[in-house]
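In what follows, a structure is listed as structure tokens, so that the remarks can point back to it.
Order of writing sets the chain letters: A, B, C and D. Residues in each chain are counted from 1.
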Amino acid sequence: MMGRLSEGPHATLFELLYEPHEAGAHRDVLPYLLAIDAAHVVMLEEQALVTTSVAGALLALNQEMTERVERGETVITFVPRHRGIYFLYERELIARLGGGVGGAAHLGRSRNDINATVTRLRLREVLLGVIADACDMTEALLDAAGAHATTTMSGFTHLQPAQPTTLGHYLAGVGCEMVRSIEQFEAAYALVNVSPMGAAAGYGTSFAIAPARVADLLGFEAVIDNSLDAVASRDYLVAVLATAATLSVTLSRLATDLQAWSSVAYGFIDWPDSLVSTSSIMPQKRNAFVCEHIRGRSSHVVGALTATLVGMKGVPFANSIEVSAEATSHVWPALTAVNASCALVAALLRHVRVSTETASTFAERADVGMTAVADALVEHAGLTFRSAHEVVSRVVASGVTGRLLPQFTAALNVELARLPARAIDDTVIAAALDPATTARAAEHGGGPGLSSVRAQLGALGQRLAYVRRRSSERRDALFTADARRRTVAAQVVAACQRDTRQPATKEG
Amino acid sequence: MMGRLSEGPHATLFELLYEPHEAGAHRDVLPYLLAIDAAHVVMLEEQALVTTSVAGALLALNQEMTERVERGETVITFVPRHRGIYFLYERELIARLGGGVGGAAHLGRSRNDINATVTRLRLREVLLGVIADACDMTEALLDAAGAHATTTMSGFTHLQPAQPTTLGHYLAGVGCEMVRSIEQFEAAYALVNVSPMGAAAGYGTSFAIAPARVADLLGFEAVIDNSLDAVASRDYLVAVLATAATLSVTLSRLATDLQAWSSVAYGFIDWPDSLVSTSSIMPQKRNAFVCEHIRGRSSHVVGALTATLVGMKGVPFANSIEVSAEATSHVWPALTAVNASCALVAALLRHVRVSTETASTFAERADVGMTAVADALVEHAGLTFRSAHEVVSRVVASGVTGRLLPQFTAALNVELARLPARAIDDTVIAAALDPATTARAAEHGGGPGLSSVRAQLGALGQRLAYVRRRSSERRDALFTADARRRTVAAQVVAACQRDTRQPATKEG
Amino acid sequence: MMGRLSEGPHATLFELLYEPHEAGAHRDVLPYLLAIDAAHVVMLEEQALVTTSVAGALLALNQEMTERVERGETVITFVPRHRGIYFLYERELIARLGGGVGGAAHLGRSRNDINATVTRLRLREVLLGVIADACDMTEALLDAAGAHATTTMSGFTHLQPAQPTTLGHYLAGVGCEMVRSIEQFEAAYALVNVSPMGAAAGYGTSFAIAPARVADLLGFEAVIDNSLDAVASRDYLVAVLATAATLSVTLSRLATDLQAWSSVAYGFIDWPDSLVSTSSIMPQKRNAFVCEHIRGRSSHVVGALTATLVGMKGVPFANSIEVSAEATSHVWPALTAVNASCALVAALLRHVRVSTETASTFAERADVGMTAVADALVEHAGLTFRSAHEVVSRVVASGVTGRLLPQFTAALNVELARLPARAIDDTVIAAALDPATTARAAEHGGGPGLSSVRAQLGALGQRLAYVRRRSSERRDALFTADARRRTVAAQVVAACQRDTRQPATKEG
Amino acid sequence: MMGRLSEGPHATLFELLYEPHEAGAHRDVLPYLLAIDAAHVVMLEEQALVTTSVAGALLALNQEMTERVERGETVITFVPRHRGIYFLYERELIARLGGGVGGAAHLGRSRNDINATVTRLRLREVLLGVIADACDMTEALLDAAGAHATTTMSGFTHLQPAQPTTLGHYLAGVGCEMVRSIEQFEAAYALVNVSPMGAAAGYGTSFAIAPARVADLLGFEAVIDNSLDAVASRDYLVAVLATAATLSVTLSRLATDLQAWSSVAYGFIDWPDSLVSTSSIMPQKRNAFVCEHIRGRSSHVVGALTATLVGMKGVPFANSIEVSAEATSHVWPALTAVNASCALVAALLRHVRVSTETASTFAERADVGMTAVADALVEHAGLTFRSAHEVVSRVVASGVTGRLLPQFTAALNVELARLPARAIDDTVIAAALDPATTARAAEHGGGPGLSSVRAQLGALGQRLAYVRRRSSERRDALFTADARRRTVAAQVVAACQRDTRQPATKEG
């Protein structure tokens, strides 16, 4: 029996909509429900909307149930054909305290604002976890970048050898995207951590409640202004998931490169046996299979982002299960996928073994110095860049490669002789063709030159440290709010116990 | 002939990849290319990487072409089997100035950083337009909310009448999401408006270029630190499109409600003939068809967001056409769809006619005062809310409605008589059942009470004004940079013309 | 220890990639692995690729493990730092039978073809379940359509009353989409139910295996021709999920209408208390909340479809974990969501209560007969349809409605008098304005006329029956193949036990 | 003036919703509208719903306009503030023929069924084009597979060398997916090519129209049974786009491999200058940039599929602009992207140059024969496969590679000596290690053995030929229907002209 309804849910509904969520609700909803109830009852007492006696009884039970939940005990009885966690919870209160007390807390609120609040309480914790994992992973990335700031390799565009660079420069580039994503997660936290409590069903209340007080006791940074917005909107999910998708897709790009470079065709990097797999039939195999998991996890996040938007599309702007339950369900597994990707990437980067020799030899053989040669013709032969580029292009197209230095220089000089240009000598060309030298020289425009990469890593490190500091402050603020709520609740319980003459309920 | 290649693109490639983009490139790329070239050449001259004479010749032609483009003239010759706008453009320079000057600008840069820069220059303008349109639409929304702050109507949850509210409260709720989206666009602008110039092909340069100077002359707020990040990343597209998707999907929710409320079944709102359609066969028809366009436009944006992420997934982290061209192409039509949705919503809101009588009558008949009755029982009969809710539920379930006041009060008192509770009288219940009274009383928790809604609208108005001010500053900054670049370029041209003794090119 | 690898997986890998899948692998993979092994070993024995003795020992153990799994027992020991179910399984065989027998089955195959096969075996069962649930739901739909073939209601376009129809006609329309989706599932089954076994790692084998025999013993309808296709492709997932998405999205459309029509504004339909919810604070509430779950479940399916395609995009065409594991993981929860939606819709349709009076009154008041009036003017006044439409439009626009019959006819005649047209009388107009009469008359073009709807339902019923018959044959074929495999395996075991002189293993 | 509306569309609506579609409507809608009108009027005349005289006048004008449209002339005047192509078209008829004739065709139909029909007429043509392009591309694929059926290369899994294969085997594998996709397009055609005409606004008609006749004259294969389904559903779009997405994503996989294999690291394949690009700054560059376009085009298709489903989600099941216009708009550019991808892939495959030497040398050096060695130990040393795999694994892990044959065989024999196994000799191992020999031997399980690949290609070729034949028949059927419609229409025109005594219109 609930309200005006004469029967519990139809068996099909119960089996599909209520029963499957029992364990999840006990684990992921109940702790937050208890916290909300504590904050709400404290506020009601302070606003004289319930008596101290009623508040004290509710808060004493709340404290007991909270402790039991924290010990891992089950405190809710899942009766047959129930209608979800909130009704079971209130039923428990009434069973323990009588209707005159157990039913007193649900004033100036409804399940709608409670549900909206639970999602935000849960998400802010998960989000801090994602930020922490993303920071750890990015730290591993920046550490590897620092360790390989002078590890020469071929840069690539369109998969073809392009210009000399260093592994550190590559990793710093990826790090820039990571840090931006982390900063966006950080910004999204502020969207998440605001309180819907007091919105009730979406239309506020005439009771003189104090939403700011509830928000404060729950560690929220602000109260949502409009009650309809409070229950109807989940737009922060899109902000969180879009950033998650960006980060995951960028990791898919990193994983694509790492897997290629660890393949036999490149051989630049490698991992210990604990980070590769072999085959059940191909004895020679050492597969960087983790890269495929990292790439693949991005599909979970993009799918969740799409699903969330699909779930919200065309829904009336009001409380709706379609948004508050169905569309909201996609964020949890998606963020778990992000956590996993971060941990996997961190493991790969912390244990990667780099074959500097192989990487550098590949670069030497791959004609990646040709732009530097053209640059040298600008500087030493007095050509415009376009003319220099054409000279080198003609020589390259004729089949003469930089690996045969004297022939190559000679061929260049034949071309130069046709132009108003100065001849060039071997030394200049040799320097241009040496990948390490050229990479080192690219100090400008954010290139792989050592001081350039060090400056990049320094800046990224500082931004990362800032986010870590902010996250730490936020985590502290949650702990503080939690402690404050427990203290105030305990004071109400104590006040109630002192004042034994006051009747426990208005109804008796 | 281009570089080492002995032939133009294959006919299939030309027809599918180059030819179809000719008009777009002239319109959407060339103006930015000219601006970039001006800034870059000024910088090269200042850094003594080209002579004043060469710079002056290039800048004089640049100025001429810019003016012609601004007059709507075609300045590029689309030769058969070309390889895209950049080559055609440089070809034009060389044809006009000779290889010794025309080919001198392409130093310390490449098409990769130029392309990355063009996209950012174009997007920042489009984004400012989207922000402006979204602000206009939100202003229409807030204006309508203000005008209907006391227009009583039924609130709904799950499509069923819920509690009394006002149209103004509803619109303010939607306005909250709008303002948040606009603020996110505003934040995304900062991600967009940074300069990739100097990154060259992604590996920087050994020439002592001054990327900050180029950025400044192009109105960018900062330089991208890492050259690979500069050419490989388009993560800002996801940030922009995710916000666009949120806004569009929220508008789809608004449109869903507006269309329902304008239907015969509700009749709360209506539009003049110019904003509805009729049927080619059903003479009675007045369809709010614009709402369906608004809902449907959200599909374009969600599709573009998905497509962008698909395009980026699994691509090597380096310059890639898959990211820089294919994945980037989705943002333009999507933002056009956002502009359209904003304009359509603004038109609907500016011209909506509200049938306050119909809306208020619907609320009266729909039992939306029952929560207020339960609240009254808490206040006047001394029940807990849960007990009060059960009392009202039983009466409602028995079929007695609030439309028969004496019977309803009598039925409540029968129930109250069974409990330890005080009896209730008609006056209290009549007030609870009056939608206007109850809506007015909901001053707490962000409800529809008048001062509550006024406070909400005031806060939203201020946030909107702030974004408008920021956008205006940003637009000013772009104009200023534009003017500065033209002035400096003109100075170099003048200096060159004064100094006629200097040879025009190094090569002669 | 596995192959050339000297250590188990890194702790992070184990915790994220192997451990979480243990329960799922035992439940969803192992039964299929046992079936595959039985079929493969029977074939190896028949092809003389293993001795009868080895085959007999393997098959006896296979039979024992299969029986234990069917009894719900755990037959695999999940040792720490294992590398997944296949290795654990083979480890078990070797522990029980020795390396000389336990390791003999993995010939002419690899984990790649086994994994591909497991997914297909599992999916075909799930798909038959989805087809069955979709058929049940469609049957409920067609039953309701039949029961309401003459229940007059307003048809709608753009949410506005359009022309008279019947609830049965509406439901038959939705039924058409359902049947098409079911037929597409049926067609997709043929894509799924083909055998990859024998493809090994993707490059076939030189052993003279008999893939057709393995396929036959596993109930597959055919063998995949190319070994690379067998392990690299999962294109059938897109076919299945696209159909699932279509069906789910169509159900979201149905749910949108049902929820609207059950709302106070329409009141056409209703459900018993067991199929609605109420509110924790609004006593009057009876919410058709199930409709929101149905709408919302479509987001899971669209998200899964997108995710699957994202997972496949840009992956080398070969066996890849990204496709075989990550991209493949989305189909299961999506099809569970489809099952749930079907069951929920079926429950709603089997228990819906229709207020025929309310529906018919709404239609009468909503001017839905105006097209019929125009049609009548064509027939009786001799106008072209366009002229007739204009005449009625002018009358309607003047504010005269069909609810005032004499005035309405008079107004029409005033207009007709201006044209070369005959006058019209009340009787004709009254008939046109009666929704039931007009709906009944719409026998052409697939309209709501009774014989038209009956013909539609008859055709849909036949197509549904055909799919049910096909599904039943397919289910039978799976049972038959299962029985055949068990019989043949038992015969090998028996032959082996008879022939005790043959050594159990080649290696001894 | 249209129907009851007193004014044209609001300027904003006109600029955003009507004006931008003018050119598209004239090109993509009008030809079909003319065909529909011809078929519909012929039917009306045959059913005696309009006089021969009216029909003749309409059909004569129809014929004239059709011819002018076919000559590329503009036949519609786009007046200011119009409400779309249909009204402009009918306005034209009335202007030319008077209201008594020009407005007579719109009987037993509405814009809703016409729009639904136009989309299907247009899509079936586009779809035949897609099928043709996909067939051409697949033919190029199969031709290349045939030409390289014995071109030995390394197979890969997880990017690492796996087992020997041939380029032909790889291409045949991709070809399997292509042919399946083409067959699904073929099946989708039947979903598309059915007639909605007669459904009118979605509720049929009481006029005794003959929908089957209209369908026949338009080349449709059947009539849609239910009028609501006819106007509300666009489910075939999902079927078409899902197949398009599958095909595009598979091409992204092919392009990924082709680009890798054409890179310096592999060097297996190459293209002439007309199919590669170079760099504006890197003279050595030959980029397989077309592969990135092919990969990237898949994002357009996946985005369109998602967008289509988003557009349909939660829309009332009835005619809706959200579905019929907004959601339907995504299919056209997506299929254009598929056409482009097919043409680009065909160009790449028709002109690819294969370095058989490089491919085969890579395979030899990459230890891809190790599975064959293990297989040989099963056959020649009497081990189980698992034992054989472990023996080879140990040898490989010790660092001895197959490139040093005598040492490798010796190491194997050391291991074998520890087991109950026979020793192995060099000849057997040498054969196993020869990639060409091993690839040739893999005749079973769909492997790269020559007769195996030839059989695969034969089967694929036959399936492709079947689809081509079906498409050709379908194209013929469309031509035939077209001719039939023109003939019958001309007969009506002639009959009308003969019978000059009959008045041209009922109204006069």
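Some notes on this structure:
To be clear about the criterion, a contact is a pair of C-beta atoms (placed from the backbone, for glycine too) under 8 Å apart; a residue touches a chain by one contact, two chains touch by 3 or more.
Computed from a predicted model, the values in this text were never measured in an experiment.
Contact tally for A-C versus A-D: the pair with more C-beta pairs in contact is A-C. Comparing the centres of all chains, each the average of its CA atoms, the largest separation from subunit C belongs to B. Averaging C-alpha coordinates per chain places the centre of subunit C 24 Å away from that of subunit D. Centre-to-centre separation of subunit A and subunit D, using mean CA positions: 37 Å.
Subunit A and subunit C have CA centres that are 33 Å apart. In subunit B, the positions touching at least two other chains are 3-6, 90, 106, 157-159, 162-163, 200-201, 256, 260, 277-286, 289, 292, 295, 298-299, 302, 306, 309-310, 313-315, 320-321, 371, 385, 389, 393, 396.
Residues 2-10, 12-13, 16-17, 83, 86-87, 90, 106, 109-111, 200-201, 256, 272-286, 289-290, 292-293, 295-300, 302-304, 306-308, 310-311, 314-315, 320-323, 325-327, 329-330, 340, 343-344, 346-347, 351 of subunit B are the ones that touch subunit D when the two sit in their complex.
Interface residues of subunit A facing subunit D in the complex, by the touch rule stated above, are 157-163, 259-260, 262-266, 277-289, 292, 306, 309-310, 313-315, 362, 366-368, 370-371, 373-374, 385, 389, 392-393, 395-396.
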